[in-house]
Amino acid sequence: MKPYLRDKVPTTLSEIPDHTAYEAGYLVTKNAGWRNIRPVINLEKCVGCLQCYLYCPDGVISKEENKVRLDYDFCKGCGICKKMCHFDAIQMEVEK
Amino acid sequence: MKPYLRDKVPTTLSEIPDHTAYEAGYLVTKNAGWRNIRPVINLEKCVGCLQCYLYCPDGVISKEENKVRLDYDFCKGCGICKKMCHFDAIQMEVEK
Amino acid sequence: MAKEFLSGNEAFAYGIRLARPQVISAYPITPQTIVVEKLSEMVEDSSLQAEFIHVESEHSALSCAIGASAVGARAFTATSSQGLLYMAECLTYAAGGRFPIVMMNANRSTALPWNIYGDQRDSLSLLDCGWIQAYAENAQESLDLALMSYYIAEHKKVSTPFMANLDGFVLTHTYEVVEVPEAKQADLFLKPYVTENKLDLSYPKNLAFSVGPDHNTAFKFKEHLGILRAKEAIDEAEHKFNEIFGRQYTGLTESYHADDADYIIITLGSIAGLVRETVDKYREKGEKVGLLRIRYMRPFPNEEIAAVARNAKAIGILEKDISFGNEGTVYTNVNSALQKAGLSIPSSNFIGGLGGRNISEHEIESIFEELKNEKSTVSFLGIGGGEE
Amino acid sequence: MAKEFLSGNEAFAYGIRLARPQVISAYPITPQTIVVEKLSEMVEDSSLQAEFIHVESEHSALSCAIGASAVGARAFTATSSQGLLYMAECLTYAAGGRFPIVMMNANRSTALPWNIYGDQRDSLSLLDCGWIQAYAENAQESLDLALMSYYIAEHKKVSTPFMANLDGFVLTHTYEVVEVPEAKQADLFLKPYVTENKLDLSYPKNLAFSVGPDHNTAFKFKEHLGILRAKEAIDEAEHKFNEIFGRQYTGLTESYHADDADYIIITLGSIAGLVRETVDKYREKGEKVGLLRIRYMRPFPNEEIAAVARNAKAIGILEKDISFGNEGTVYTNVNSALQKAGLSIPSSNFIGGLGGRNISEHEIESIFEELKNEKSTVSFLGIGGGEE
Amino acid sequence: MMVNIRWHGRGGQGAFTAARLLGAAYSSHENKYALAFPSFGPERRGAPIQAFTKLDTKPVVNRSEVDKADYIIFLDDTLFTEGILTELKQGGKVLLNTKQSFENPRVLTINADSIAAEILKQPITNTIMLGAFASVFDGINLDDIKEAIRLFMPKKLHEKNIAAVEQAATQINRGVLL
Amino acid sequence: MMVNIRWHGRGGQGAFTAARLLGAAYSSHENKYALAFPSFGPERRGAPIQAFTKLDTKPVVNRSEVDKADYIIFLDDTLFTEGILTELKQGGKVLLNTKQSFENPRVLTINADSIAAEILKQPITNTIMLGAFASVFDGINLDDIKEAIRLFMPKKLHEKNIAAVEQAATQINRGVLL
Amino acid sequence: MSLTGKTLNEEEFFYGHKACAGCGGSLAVRIALKVLGERAVAVLPAGCMSAVAFNFPQLCFGNNAMISTFAGTASMLTGVEAGLRAQGINDFQAVGFAGDGGTADIGIQALSGAIDRNDNILYICYDNEAYMNTGIQKSSLTPFGAKTTTTPAGENIRGNLRPKKNMFEITAAHGIAYAATASIGFLNDFMNKVEKASKIKGTKYIHVIAPCPTGWGTATDETIDFAKEIVDCGLWYLAEYENDEFILNYKPTEFTDVETYLRKQSRFAQLTDEDIQVVRESRDKKWERIQKNYKVK
Amino acid sequence: MSLTGKTLNEEEFFYGHKACAGCGGSLAVRIALKVLGERAVAVLPAGCMSAVAFNFPQLCFGNNAMISTFAGTASMLTGVEAGLRAQGINDFQAVGFAGDGGTADIGIQALSGAIDRNDNILYICYDNEAYMNTGIQKSSLTPFGAKTTTTPAGENIRGNLRPKKNMFEITAAHGIAYAATASIGFLNDFMNKVEKASKIKGTKYIHVIAPCPTGWGTATDETIDFAKEIVDCGLWYLAEYENDEFILNYKPTEFTDVETYLRKQSRFAQLTDEDIQVVRESRDKKWERIQKNYKVK
């Protein structure tokens, strides 16, 4: 199962589990703040070779209709995807 | 240095060392009591091949004038020396 | 129930078999080995269905037990002395993770100097690590504790690992008559382990995680509550145990003529038998002395101690332990109980049995005599008091 | 003396360099790493002549130090938290062998849950293992302790390993102004290590041996005496230190307006600074409150505590620690000191800072307010009291 | 009165080095004291991090991170949001490395990136922001900062960083005027 | 009154097994209690060792090795010296496996080696000495010993050992008459 | 059928973690879990990968996962595997992900024990060549010449003086059921090895090179490049051990220059030409032995 | 000149100890010390050899010697070596004597670390094939089929099911300076290996088979016979590793029957003919590999 953002952040004594055990894949913060540059995919150029999908350390690129899609909530802007794209379909742009 | 029997057995609080450190090779008891059979060397037959000396686990056989000598204080009567002697110079005898 | 002639180690192994652990991982160390050897025989002869893992060290023994417990299996390990120290990291880990593992510890002196005989420095030096700590007096209690331990450890309110301590050699290697319950009865007493504290293939979990400054206290507080609540679970277990097996235990402590005594020896483990016999002798002479045997060091019996001490003129704590640079650890704990209860009575510490030194009946008598001076002192049996 | 802007870790490393250890063996762990990294830089740049050993674990780190000390070399190691627990077996070993190794411990919470921040559960849970335990308040004291530690540990009457504790992050990673003594002066203060407790090629020894029941107590008693006598050695060291460097320390404890105070907070480590400031505020208002800072947990300052508590109406023990199933360990020890001195005054336990939780000035005030109730309670800062 | 400075940067940008240099520079004087510390924990490359400097005329004993700061300094404007202003004490100021300009008088800006590119030839702005701070904050002067750079940074970096710091001091002044 | 029995043998001779069988046999009865334990520590092959049995009509609580014994039993006469007699309680007896004869009425002898050779076909004398003890000590009868052998020894050893025990019981009686 | 981006499980199991931008280790973990799927039960010791993923309430594994003690990866895996099996559960894969320090130093006792028992577990060492989570200290897998905080480079010493321990051959010397080396620069190879391993019963060990931009002093977008180059220049190799045999999976026709590889990383900045020659020679010596003892596939 | 009974140092350094009669381990320690002489500084972990020799006030080493923690043989040796060197002392030999359990199980972390650092120490493992001091429990060097107290033989299981870990090849896979196997049945070979090792700088590992009559269930006078036979029947071999190369020192012209070897020991009493066939086949497989990978001298 892919970890995903939850609404509820356990904080009170009773919400905190009795054991160091909790639901798998429970996310409460994003990683978008890590970026000062962001990858932008040019879907025109993308041929769906999936190299970016495969090599993204954060797994934020997913397959979509023979091309790829990027989850900016969790992309850290490392630039690997751009480097892996042999079709020049990804550009890194400065964050605003 | 070969460990050897000492007269003094430290027992009082002041004789006991301050650290877990003491003179090397300090013996206060013998092992003769371990034996119920004892090796007896027939010096006539002994040719000084030193196999018993070499293989005695307790090191109680020493070289002496081209033959060997046995320290009964520490021999345990295992019988290895007898087995190692190709010249039948060692016999195991029942202890009294 | 069958009557058998068993050593403490064997009795404990019989109790563990009745508890049906699913994973056993242990590493040999004198004087614990027999319990593990017995269990491996039981696994071999199929009288116990368990995975028996030959681990490479005690750290691995407890790590393995933690892994097994983390998937919801009932796990057992056993160790002693150096082994307990070598797994210290995992002790804290298991406690913080609230894994109800049971461990038998054969109380043994710790190096240096090396010594394989019984004293209680090993377990008492790790008293703070979050485990329930019980001390058995004899082989029967060892067996019964083994069975009860899982009931208590796994209790929903408790979820805390359990260390059952048996005095090395004088208890672990000494044979006596033991009643061995039947498996059927044991199954009535102890149900299979059910928990949400586990990795679960149908409901994935993340376990044994990090918690930052904000919430860390909450986890530690809950861990503390868990072990405090063991007290109720112990009462519950002992009550049920009595119903099924007809033997009643007495909770965190056992009082023997302590309630109305002027002079009380507080102690733990197998030496209590000899103290009890000595109390009888004094009582025959009409002297009001008593024994309070600590059965559990954690949770600590603060109330029980205060209750008997309230009427006493002096108490003596006899323990096989020294916290270097201060005093015996049991003594420190008992003193705190008195202090919190506002009881200002003389209490003295008698440190004995270190490295397996024998504690004689005569020495126990001399403790009672010493208590009559109504002073607070710390002394080593056989050596005496402080520096001078 | 040069004035430098250093973190606690760096200051400690500077102090160690002045002490000229011959063998350094350590394994990385947050928040200790910096002290080791600094020392490796010093070895690299030749400002320190020592063998620097990259060991494979903390058990090996201390084993290696023991080996070095066993041939008469001055040895240093450092660790924290999990690392301290992982080497627990060697702690007891070094103490029983009377090897005057110095170790810096960066106080950090212990897993589970994982947490890298500062609390004192690591060292306090291993209080009984026979080491001298000191707690520094700030970077200057860290440096000075590093240098004094060898003087004390190696003192003929002491021969006991020394653990210097620095609160993780708030002390180890926090930069402040520190006076750094010069090497020449330091050499006046601390002489090379000379001992008979070593393997010696000109006079062979057998070390680290076994001792059976008969004599074991004697060794344990001597070990106990050694650490008790550290008190004199500490006084001696601090006196000499003052002569040479012009800074005077105050032995096992440091009293700040505690002698005539009605309400006293007893605490240890870096939080003392904030308590001191709070005491100032109360004193300005004319309220008689005070601070007793414990500088050494072993040997334990029984007399010092009794002396200030004698005139107090209530005392509060503030510590970053909990012994699960009972109370904070410092509290237990302090209560025993009171009990032995026959002082029946209310004492309360305030457990704070677990897993690096901040202790605020406001909370310190609330402790003083709570003490005015003159009751004995145990509570967790931020959570409160017992079960309900 | 204690002055609290909070630094914001990303793992790898040197925010803590600046915090430390500031503390060292300030406390080099008689009767001036400082504490400096990073936000604790492992610093992950790219992750937003903080660092702290506390300055006072008596020894600083409160070792905790403070909620309300006198100055909040950003090495990177992608970390800045207006919400941060609520974390300022009254009269407190934000110092921001940015190309943009802000209307808010509590936000002082400087284009540290361009100074860095020009003088340091590297996108490292920590000492530049330190220089900017020194010219804004009365309690410290530029020479102390330069001295700290000489004492605590590798020798080969001295010259450039001192130049950058000087440049920053002039530019932030302009920033304030905006 | 408690009866203390001490066994002397060498590592590997089974002295402790005998001690344990005795305890089990005795305590199989209502209101009879026993403790049995070896001399603690690793048992080295060949090394002289001891084992202990304590018998009583109330639970035995004293777990320590006793200095003075009611019976001292030797599986091997090379371990015996006359000095040992001082470790007997008044009225106490030594049981000795030996070919020799002793004048001392406190020393009861039996040639267990020959019984072992004859019946067990192995030089193991522990059960034989146990049988001898049973016929000397009133508190226990031979049947209890046989039952303990059946319960605690591997099945294939039952028959021979029971035969050996019976033989021993008759022989030691003769020994006493000497 | 061999695994590729197209055929790989689309689910993500390692997501939202706080690893550095461009972290190679996190890619190794992510990909391995995609191969193993939801019935992977993961154990991670202290180290970057656990530190970035288990910060309650931010829990970044979608499958079952737990942190182990630093020394206890393999022994906790053993317990997990035995514990599930003891409950009659068999369709799962117990997998460990440990760093180089956690594997080759403190964790080797437990790993060696698990291999010796032939426990049915998969142990993956992501090798970033130092203790990274604690801030780049030397481990026994730190290569010769690398600067770390405990092997500083200065006037007297130019970084780490010891060669890299060969965990692959050490596990092979245990007679392990399956061992392999890999690199995240060659993901298809890695994926297929993980898949192959998951189908073998007994203990499996995969050692995957996973560059760490933070510790190596490289740009975040170069991680994969270095993971490729280290193989191409011959300082790492792709191989397997099975049935008592070593197999080399890939032999570069010609090695690229190690100097190029080294000079780009700031951890090697201080190396002299002689140092680099030492690296080159030890590489050649290693390849001689590979040539001799490995079957080339 | 090779060492023999005639040329060996006449001094005894291990004397008066309480090892069982006929103990093979004690012979290994005794002989090694006679080779190394009075400047040997010995470290022994918990185990039979320390347990029998260090009972204050009965101290049975004539040279400098100490007990280490069970896991800490190698790391304490490292400290001893570094500590003496730091004091300017160089003419000594730091030597460890550890049992099979202390070496291959709990001690392997420290041993692996010491080899990795190439510390100048000599580590001798006396292998009696089980944890003997605690009463014969299985270690990872217990051979297939052996009965121990933790691998009991009964209706369901016939003793230990796992093969013996190969410590010699594991240390070799570390690229150790020198490693060797030996047996106390071939004392001259053992003596010469100890002597050779003492002259090599760096880490040296010697693994010497040392039968234990108590644990093997054999007569006290047969110790040497078994130590010979285990080599003659091919279940053990005499070899060295040096300069990246394996060398076989001795190849029996024809193997004696393993069955004869096994049947005489009570630890193997329960083995069936099929079990023995398994032993035979695994021996042959091992020798095939030796044939292939070892240089025969």
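Each chain carries a letter (A, B, C, D, E, F, G and H) given by its place in the written order, and its residues are counted from 1.
Here, a contact is a pair of C-beta atoms (placed from the backbone, for glycine too) under 8 Å apart; a residue touches a chain by one contact, two chains touch by 3 or more.
Remember, predicted model here, so these are calculated numbers, not experimental data.
Colleague: Touching both chain C and chain H, which chains are there?
Modeller: B, D, F, G
Colleague: Can you list every chain in contact with both chain B and chain H?
Modeller: Of all the chains present, those in contact with both chain B and chain H are C, D, F.
Colleague: Could you pull out the chain whose C-alpha mean position is farthest off from that of chain G?
Modeller: Here the answer is chain F, farthest from chain G.
Colleague: How big is the gap, in whole Å, between where the Cα atoms of chain B centre and where those of chain E centre?
Modeller: Inter-chain centre distance comes to 78 Å.
Colleague: What is the distance, in whole Å, between the centres of chain B and chain F, each centre taken as the mean of its C-alpha atoms?
Modeller: Using C-alpha averages as centres, the distance is 32 Å.
Colleague: Take the average of all CA coordinates in chain C, do the same for chain F, and state the distance between these two points in whole angstrom.
Modeller: Measuring from centre to centre gives 35 Å for this pair.
Colleague: For chain A, give me the residues that contact two or more of the other chains.
Modeller: Within chain A, residues 1, 13, 20, 22-26, 34-35, 76-78 contact more than one other chain.
Colleague: Indicate the residues of chain D shared as contacts by at least two other chains.
Modeller: Those would be 30, 54, 56-57, 59, 82, 86, 89, 93, 96-97, 111-114, 116-117, 204-212, 215, 218-219, 221, 356, 358, 383.
Colleague: Give the residues of chain G touching no fewer than two other chains, as numbers and ranges.
Modeller: 18-22, 38, 50-51, 54, 56, 59-65, 67, 69, 71, 105-106, 108-109, 112-113, 116-117, 133-135, 140, 213, 220
Colleague: Run through the chains and report each pair that touches.
Modeller: A-C, A-D, A-E, A-G, B-C, B-D, B-F, B-H, C-D, C-F, C-G, C-H, D-E, D-G, D-H, E-G, F-H, G-H
Colleague: Spell out the part of chain G that touches chain D in their complex, as residue ranges.
Modeller: 46, 50, 54, 56, 67, 69-71, 105-106, 108, 131, 133-135, 137-138, 140, 149-157
Colleague: Going by the contact rule set out above, which residues of chain C touch chain H in the complex?
Modeller: 27-30, 33, 36-37, 40-41, 44-46, 52, 54, 56-57, 82, 86, 111, 113-114
Colleague: Looking at the complex, which residues from chain D come into contact with chain B?
Modeller: Its residues touching chain B are 96-98, 159, 196-198, 203-209, 211, 215, 218-219, 221-222, 226.
Colleague: Any idea which chain H residues touch chain F in the complex?
Modeller: So the residues of chain H touching chain F come out as 18-22, 51-52, 133-135, 213-214, 220.
Colleague: Can you name the residues of chain F that touch chain C in the complex?
Modeller: Per the stated touch rule, the residues are 20, 23-24, 27-28, 33-38, 40-42, 59-65, 152.
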